[in-house]
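Here it is: the structure, laid out below.
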């Protein structure tokens, strides 16, 4: 399959598809600099004026901070619960393990609207008023899954005998965690956490149903697009959102790329331990 | 186990207790699993599965017309309405399935050559670059990407401007099924590229060499060796394109039109109409379809490819 | 654990009767205005600093709301709605009464009674709104916001649904609603995505097909509803789209996607302000809306809410809002202010001759089974309208 003609056609196709993926993003980013309040194309005059307007827009700022708060809380919950679940599934064989694995994929696989209306109906049923916490609960359901996936993948790739070796050498549970497990897991946690943060910050499908009068940034954008209000401010906010979600994802990528080192490091430890193995008593 | 007993005894009593706990957990690993699992699983079961259960139960309730009070009496009225052929709900579900299928096929066609190029033809650096270029749009705001298309497809937007430049007539793409098909294909495309890439990357070079040795042409190798091996990846990608399209309401809300009501937007509208039970009933349809699809996908090995 | 209990209609009626009886007994001289009630007080407690409203666009427009915010310290947070159903759902969701989230809603007549019956709004002491005594008589205690002598809010503005058209593309100018059901401008039309549109179709049939016997466009028998639905289904292929929010319609006109549509004066004014070649006609009789600011049962900021009600019903503010949205005030003292802001506007919006104009508008109201015109209970209820509408648009 490496004929020259074939290579070139594949390359061209790939370029076109990548262009298809990026052009709309670039276009909407350009609209942030459009001085006209009409969203036509092409853009005839450029300005930074709307950035200043958006900066001073109290509603947008409140929405931004609410999104940040929600994302931080949801990510924290996700890190704790996701790691615990991943550790259990990756390391132990127990009854119902397959089922647990399957269940934990559901929040991502099922359409978000189901999560949204399920939570909304349940909140009303138990009399829970919408607040930042109902939003967090909605986000946590899939943030947990993201962290879980990352940690499980990492644990599957690393050797289980590391823990055995550590305990053979006389470490208790806490020391094993601190000196052996943590270095192996840390990058997975960081990557998972960053991805969960980005996902929560961007979330709208579930939030529409779990928020009351609270406006996260995506809700702010959606409300204004729907109602056709403040579109130039929305364009600036959209530009800002694109930039701000690129950062954690790019960071996560870098972190995950460094895993090669960690993995090699882990292998070295395993080799050393095996070499020094003392016959069991 | 070689342990310096003296050092152990001389250590802190706390350490002794911790060691005993570690020993206990070591001997009974399932205890550890249990300890780790209880909190997340309980939270998950109560919040997520519990919510889904409440949703399903509420689909058997109705809402009084005037005051929108939820009446907790068991009835199949909602389901009867959905399956009543004089009502549009089955037709809307059919339309949604059709668009989901079209989007899946489109994305498979768009993604496969790109994934193949990334996995087998591109150099190491190019591969990393392409990987990032596919990943970033996926993670940049979903809502903003749909909004971008709303402005592009509008009458005075970029598409008509481009057509004008090419001397072609203006298209009225805004608020049509075509518009939704384009936007869905766009938004879910990275979901298809990544699993297919992963699957293609895993194919050992030796397979392709062997196929060539046996006299197969490039196309035959593609059909008989590569595609079957890439299938789990395609199925994994299709889970996303299919399931996400089935339940989506933001796209129909922003770029959909008169004859383009989808399951998602109908559910959304009924929630807006304070008729949550009917919305719940109608939402069981995509839930069932996705559930079945997931089980089928598992059979085809998609879960390993994820 | 909260439960939402079903209340059979009989007990609702019983409770209302008893309450009414008590109210009459307690109020002594009852009746509109006057009276020597010892609790009359136009002073409201201190503002809470914040006010969450669900509104039609521009109902708390900064041009007249900013002064209020500065005077009272109540910062307004707005959620714009596109339809009455949205308003109802927002108020009724999350446990009802505004969910503890919202204070005020500018409900039209097709949402107000639903809100009252669902217990989502609370009565206000109308004596706390000084401008109320100056209102047009039709809007002091209309049946859509006053039940058993209790005022669930205060009327604010009213207006008709209009036919908006592009003067460059639509020739000759339309004279009535015919064009919007005909194929002359196929693919260039738009109507609201709102089940209440069925009433517009019914109103049209009232004139074009009197044999159907439609007497009230909101009280339709099964056959009448079917006929109206069929008219709307035949209209559907002629439409470019259904609009969800007023701004959708504005954008569609601006884009050239539509040339004619059903809308509100708000859209026309916005397009004209943008130098678009847009005009509107009001082919009477037409459907319309009469809006009430209602106080949520669980309003977190009731004082700010009442202060707003006081403020927005004063003549000057009524005039400002009327000209911003394109509607008619309920306070006739606004007339000279309107003319000062825009010459001739008082007459243009019929505030100087409200009665005849009023009678030609069929104001939005919620379809209920009880038909007033034939004293039966077999008219189609709101659920039936929603199902019919989903069938039309789906």
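The first chain written gets the first letter, and so on, giving A, B and C; residue counts start at 1 in each chain.
FYI, a contact is a pair of C-beta atoms (placed from the backbone, for glycine too) under 8 Å apart; a residue touches a chain by one contact, two chains touch by 3 or more.
Please read all numbers here as calculations on a predicted model, not as lab measurements.
Set against the Cα centre of chain A, the chain with the most distant centre is C.
When chain pairs are compared by their number of contacting C-beta pairs, A-B comes first. In this assembly, the C-alpha centroid of chain B lies 41 Å from the C-alpha centroid of chain C. Put simply, the C-alpha centre of chain A and that of chain C have 43 angstrom between them.
Chain centres here are Cα averages; for chain A and chain B they lie 14 Å apart.
Within chain B, the positions touching two or more other chains are listed as 154, 156, 253, 271.
Multi-chain contact residues of chain A (touching two or more other chains): 38, 120, 124, 226.
Of all residues in chain C, those that touch two or more other chains are 4, 93, 244, 251. The touching residues of chain C, when paired with chain B in their complex, are 3-7, 85-86, 88-89, 92-93, 113-114, 117-119, 187, 236, 239-242, 244, 251, 255-257, 366, 368, 381-384, 386-387, 390-391, 393-394.
Put simply, chain A touches chain B in their complex at residues 1-3, 6-7, 9-11, 13-14, 17-18, 20-22, 24-25, 27-28, 31, 38-42, 81-82, 84-85, 87-88, 91-92, 94, 100, 103-107, 109-115, 117-122, 124-125, 137, 140-141, 144, 167-168, 170, 172-174, 176, 195, 198-199, 202, 204-205, 208-209, 218, 221-222, 225-226, 234, 238, 241-242, 245-246, 249-250, 253, 257, 278, 280-281. By the touch criterion given at the top, residues 1-2, 4, 52, 57, 77, 79-80, 82, 93-95, 99-102, 244-248, 250-251, 254 of chain C touch chain A in their complex. Those residues of chain B that touch chain A in the complex are listed here as 1-4, 8, 15, 18-19, 21-22, 25-26, 29-30, 32-34, 36-37, 39-41, 43-44, 47-52, 54-55, 58, 110-111, 113-114, 116-118, 120-121, 128, 130, 132-137, 139-145, 147-152, 154, 156-158, 161, 186, 189-190, 208, 218, 221-222, 226, 239, 243-244, 246-250, 253-254, 264, 267-268, 271, 276, 279-280, 283, 286-287, 290, 294, 303.
Of all the residues in chain A, the ones that touch chain C in their complex are 38, 59, 120, 123-124, 126-127, 129-130, 212-213, 223, 226-229.
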